[in-house]
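First, the structure itself, so that you have it in front of you.
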Amino acid sequence: MNSIATLLAITCMLLLGSSRLLVSIRMVAFQGILLGLLPLFVTDHIGVAAVLLMLTNIGLKSILLPWLLTKALFESGTRREIEPFIGFGASILAGVLLLAVSGYIVNRLQTTAQISSPFTLIAGFFMFFSGLFLLITRRKALTQTLGFLVLENGVFTTGLSLGSEFSVFVELGILLDVFVGIFLMGIMLFHIDREFDHIDADRFNELSDLAVDVGDSEEASE
Amino acid sequence: MISLPSILICLAMIVLAPLFPGVINKTKAFFAGRQGPPLLQLYYDIIKMLQKTSVYSETTTVVTRIAPFVILFSTLAAALLVPVAFRNASVSFSGDIILLAYLLGIGRFFMVLAALDTGSAFEGMGAAREVLYSALAEPALFFGLLVLINETSQTSISAIYEKLTVESWWQNPATFLLVAASWMIVLLVENARIPIDDPNTHLELTMIHEVMILDYSGKDLALIEFAGAVKLAIFSSLLVGLVLSGQELALPAQLLVYAAGMLLVSIVVGIVESTIARFRLLHIPKFIVGSGALAIIALILKLSGN
Amino acid sequence: MNTAYALIILPVITGIISLFISSERLRRNLLVVVAFVHLFMSIMLCTGAAGELNGSWIGLDHLGRLFLMIVSLLFAGSAIYSMEYLDKHPHFDGPAIAGLRMPGNSNAVFVACMQLFLAAMSLSVMSTHLGLQWIGIEATTLASTPLIYYHRNKRSLEAAWKYMILCSVGIALALMGVFFLAMAASSHVQQFTPVGLALFSGYLKIEWLKVAFIFFLVGYGTKMGLAPMHTWLPDAHSEAPSPVSAMLSGALLNCAFLGLLRIYQVCAAVPGVASFASELLIIFGLISLAISGVFILRQPDYKRMLAYSSVEHMGILALGVGLGGSAIAAALLHAVGHSLVKSSLFLLSGNILAVYASKKIEDIKGLLKTMPVSGALWLAGFFAITGTPPFTTFTSEFAIVRVALQSHSWTIAILYLLFLLLVFIGMLTAFMHMSLGKKGEVEVDGSAGESFWQVLPPVVFLTAALFLGLYLPDFMRSAINGAAVLLGGKPL
C-alpha cells in the first residue's frame, strides 16, 4: 500500500519535472495502473465487483485515455515540449512544498480521526495539489487535461485512503463521469487545434472582460 | 571516541581510494568494448605528478597555493568520521554528521576560492555551477540522514549505522530504497560523475569540476586528484553502510562484504556512466532537486508512521 | 417511484435515439414531446399523485420538488423556443477528426445533448444519496459542454473549454468534499443522505464536516457561479445558444445551488458548524454581489450582462441562506423568481440577437419600436430582474433585507443594498439604451425575431413571476416553507 502510494508520489514529481508531453502522458497512464491496483491493498475481501472496478479503472485511465491523448498530440502536430510558466526545477521544488503541505494537513486531520493509512492520504492530497499546480502553470490545453486527470486521480486516492466506500454503482458512476469528461476534453483538443492552430490555452483571449476591446462582432453568429 | 583498529581500516580505505575510479573506468571500458586504462592508472598519474613541480599563474595569490592542502586534509579528516567496514568510525561523537558535511564543505569552498582566484572566466563559471549543484544536493543528503535519525534515534553517524538492522529495511522497504536512491544521486553529483558532469569532457564550457582545476599542475594536481578519490570512497562507504549494515559477521567477513560493496558501487557508477548520456545543463538542477524530493518523500513516509 | 426513474431514464433513451433520427422536424418534435411528458410527470410527482418518495438513492422532499419543477418548466419553455431557433440555424456536419466523427450534424447533437442535460439535471435534483447527486451534477457539465459549443467557432470553443475545465475542477473538489463527509459520518449513519446524516448529527465529527463543507462550497460554488470562482460563467452563458443560456442560467445554477443546500442541510443540524457555514455563505454571497455589480456597470455586451446578473443573483441566494431564519425561505422563493425571469431574458436576447446580429449594447436601439412584443417583455424583464415591485423577485429580495435588519447585521444590509443599487444603475443604462430611442440607422426587420413560439415562453414565465409577486399560492408557500424548515430556517 505504502509502496504504491510512494510510487504515485514519485510519478507526480516526475510529471512536475518532465519536459516532454509524451513522457507525461505515459506517466499518467502508469499512474492509472497504480491507481487500479490500489484498491486491492485496501480491502481484505476482494469481490467480483472490486475486480470489475479495478479492470475498468485500468482500462480507462491507463489505456484508453492515454491512447486518445497521444493521438491528440500527434494529430495536432504540437511541439512535444511542454512550455511551463514556472521552470521544471522550480516546479519540483513547489512539488516538495506541496508534499510538505499535504503532510501537514494530514497531520492536523489525524488528531481528530484515526486514518488507516496516513501516507496514502498524503499521497492523495499531494496528487490533488500537483494536478492543480499543473493545471495552472502549464500552457497547453493538453497538459491542462493531464493536470485534471492527475487531480482526479488524487481525489480517487484520497477517497480510497479514507476508506469511504460507496456502492459499486456510485464508484462506477464517478469513474464514468470522469472518463466522459476527459474524453470530451480530448475531442475538444482537436477542435481547439483546428480553430486556433495551436493548443496553448494561455492564448485564449477571445473572451475577457479585462481586455480593451470586448466582444468584437466578428462572429455574432446567432 | 577514538578507536585504533578503525583508524587502521580507515587508512586502508584511504590508501585504496584511487582504485575506485580505476574500477569505474574499467567498467566503462568493458561496456564500450575497449581495453581501457589499467586499474591502477590513478596511482600512476598521482606518482607521476608528484615528481613534477607546480606551475602557478602570475595572477594567482596565496589562496591557490594553500587550497590543495586544505582540500586534501579536510577530505581526509572527513574520512575519519565515516564508518568503514561496518565498524564504528575512527572518531565519533553525537552530531558528527554535521561536521562531516561541513568538512567536505570546507574542501569545496577552497576549491571554489582557488577557481575564482585564477580570474579565468571558465573557472568562475565552473565554480558557480559547483556551488549551485552542491547546494541543491545538500538537502537530499540531510533529509536522508533525518530519516535514519528518526529510525534509530541516534545523532552520531557511527551509532546510526550500528543500530541499522536488516529488520529496519524489511519494515520500511520503500523508505530505505528512496534514501538509497537519493544518496546515489548525491554521490554522482558530489563526485562530478555522469550524468551531472563528465570527468572526461574536453570542452570547458560544459565542465563543472574539471574546469575548476584547470590551472593546477604537478604536485598540487596530484593532491586534488587524490582528495577526489577519497571523497568518492567516503560517499560510497556511506551508501554501502546504509544498504549492508546490520549483518552479524566476523571481522574478515565484514571486510570482504564491505570491499565487495564498495566495488559494486563503483561498478554501478560505471554502468550509469555507460548507459546514460550527460544531461543538458538546464536539466541538471531539476535532477538534483528530484533527488531531494525522493528524500523528502522518504522522510514524510517515515514520519507518517506507516 | 417508477415515475421518478422514468424522469431520468426517458430523456436518456430519447436523447440517444434522436442522434439517429435523420428528419429535422421529427427530432425537434420529439424534443418538445419529451419536455412536456417530463413536465407532466414532474407535476404528477410533485402533487403526490405518483406516491411519496423517500428512498436512500432517489427521493423527493420539499426542496427537490421545488427545484424539479423549475428544471422541468424551464426545459419545456426552452424546448418550445428551440423549435424555431433550430429552424433558423441550418445545421452543418461536423468534420471527422482522428477517426472520431462528430455524430451527425450539430442540430442532432444539440437535441440529443439537451435531453441528456435534462436527464442529468433531473438526477441531480432527485438524488438523495450525496454520491449520486455528485454524479448527476458532473453529468450536467458533460451534457452541456457540447451545447455551449453549438456554434462551432473560436469564441464558443474557448467558452466551452473554460467551462469544462473550471467546472470539472470545481466538481472534483466537491467529490473530495463527499469523501470528507463520508469520513465525518460515524458508523451509526446508515444512509449517506442529508436526512440520514442529520439524523445522527450528534455523532458527526465536526472538524471533518467543516472541511467537507468548505470543499462543497468551493466545488459546487464554482458550478453555481459564486465569485471569485465565476470566471467561466459570463463566457459560457454569453456564447451558448440562447435556449441553452436560459437553461444554464435558470436551471443548472439552481442544481448546483441545491447541491450546496444539501450539505448545508447536514451542517444546519450540527450546532457548531451551522454558524460557520452561514458565515462562509454570507462572505461568498457578498463577494459575488460586489464583483457582479462592478462588472455590470460598464458591460458592453448584453448577454454577458445577463450572465453577470446571474452571478449577482446566485450571490443573493447564498447570502439569503447564510442569513438564516426566514431569509432561507426568501432565498428559495428568489431562486424560483430568478429562474423564471432570467430564462425569459435569455430567450428574449436570442430574439434580439437574431434581428440585430450583434451582442453589443451600443448597436441596439429602439427595441420597443422595432420589436414591440420582445421590446416590451425585455423592459418588463429588466424590472423583474432588478427586483422592482410587484414582481416576485422584489418580495424575496425585500424579505432578505428585512431579515438582515432584524438580526442587526447592518454592514451586510448596507452592502447588499449598495450592490443591488450598483447593478440597478448598470442594467438601467443598458436596458434604457436598448429599448428606447429611435430605430437607429441600421434598418432591421423586427418581425424576424418575433414568431409566436419564440415569444410565448417569455410571456408565460414573466407572467408567472408577476403573478407570484402578487399572490403566492398555498401549494407554493407550503413547498417553500417546508423546504426552509428542512434547512433549519423559518417559514416565510
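Should a chain be cited, it is by its letter among A, B and C, assigned in written order, with residues numbered from 1 in that chain.
The working rule: a residue touches a chain if its C-beta (ideal position, glycine included) is under 8 Å from a C-beta of that chain, and two chains touch if they have at least 3 such contacts.
Keep in mind the model is a prediction, meaning the values are calculated, not measured.
Novice: Looking at CA centres, what chain is most distant from chain C?
Specialist: Relative to chain C, the chain with the farthest C-alpha centre is B.
Novice: Which chain's mean C-alpha position is nearest the mean C-alpha position of the whole protein set?
Specialist: Closest to the centre of all protein C-alpha atoms: chain A.
Novice: Give, as an integer number of Å, the spacing between the C-alpha centres of chain C and chain A.
Specialist: 29
Novice: Between chain A and chain B, what is the separation of their C-alpha centroids in Å?
Specialist: Whole-Å distance between the two chain centres: 38.
Novice: Could you grab the centroid distance between chain B and chain C? Build each centroid from C-alpha atoms only and quote it in angstrom.
Specialist: Going by mean C-alpha positions, chain B sits 65 Å from chain C.
Novice: Give me the residues of chain C that touch two or more other chains.
Specialist: Residues of chain C touching two or more partner chains: there are none.
Novice: Write out the stretch or stretches of chain A touching chain C in their complex.
Specialist: 71-72, 75, 109, 112-113, 128, 132, 135, 141, 144, 148, 151-152, 155, 158-159, 162, 164, 166, 170, 173-174, 177-178, 180-181, 184-185, 187-188, 190-192, 194-196, 201, 204, 206-207, 209, 214-215, 217, 219-222
Novice: Considering the complex alone, what residue numbers of chain B touch chain A?
Specialist: Counting only chain B, the residues touching chain A are 173-174, 178, 283, 285-286, 289-290, 292-294, 296-297, 300-301, 303-306.
Novice: Which positions of chain A touch chain B when the two form their complex?
Specialist: Within the complex, chain A touches chain B at residues 2-3, 5-6, 9-10, 13-14, 17, 19, 88-89, 92-93, 95-96, 99-100, 103, 106, 118-119, 122.
Novice: Along chain C, where are the residues that touch chain A in the complex?
Specialist: Against chain A, the touching part of chain C is residues 89, 95, 97-98, 100, 102, 129, 131-132, 134-135, 138-139, 141-142, 145-146, 149, 151-155, 157-162, 164-165, 168-169, 172, 175-176, 178-180, 182-183, 192, 205, 207-208, 211, 234-235, 238-239, 241-242, 295, 299-301, 304, 350, 353-354, 357-360, 363.
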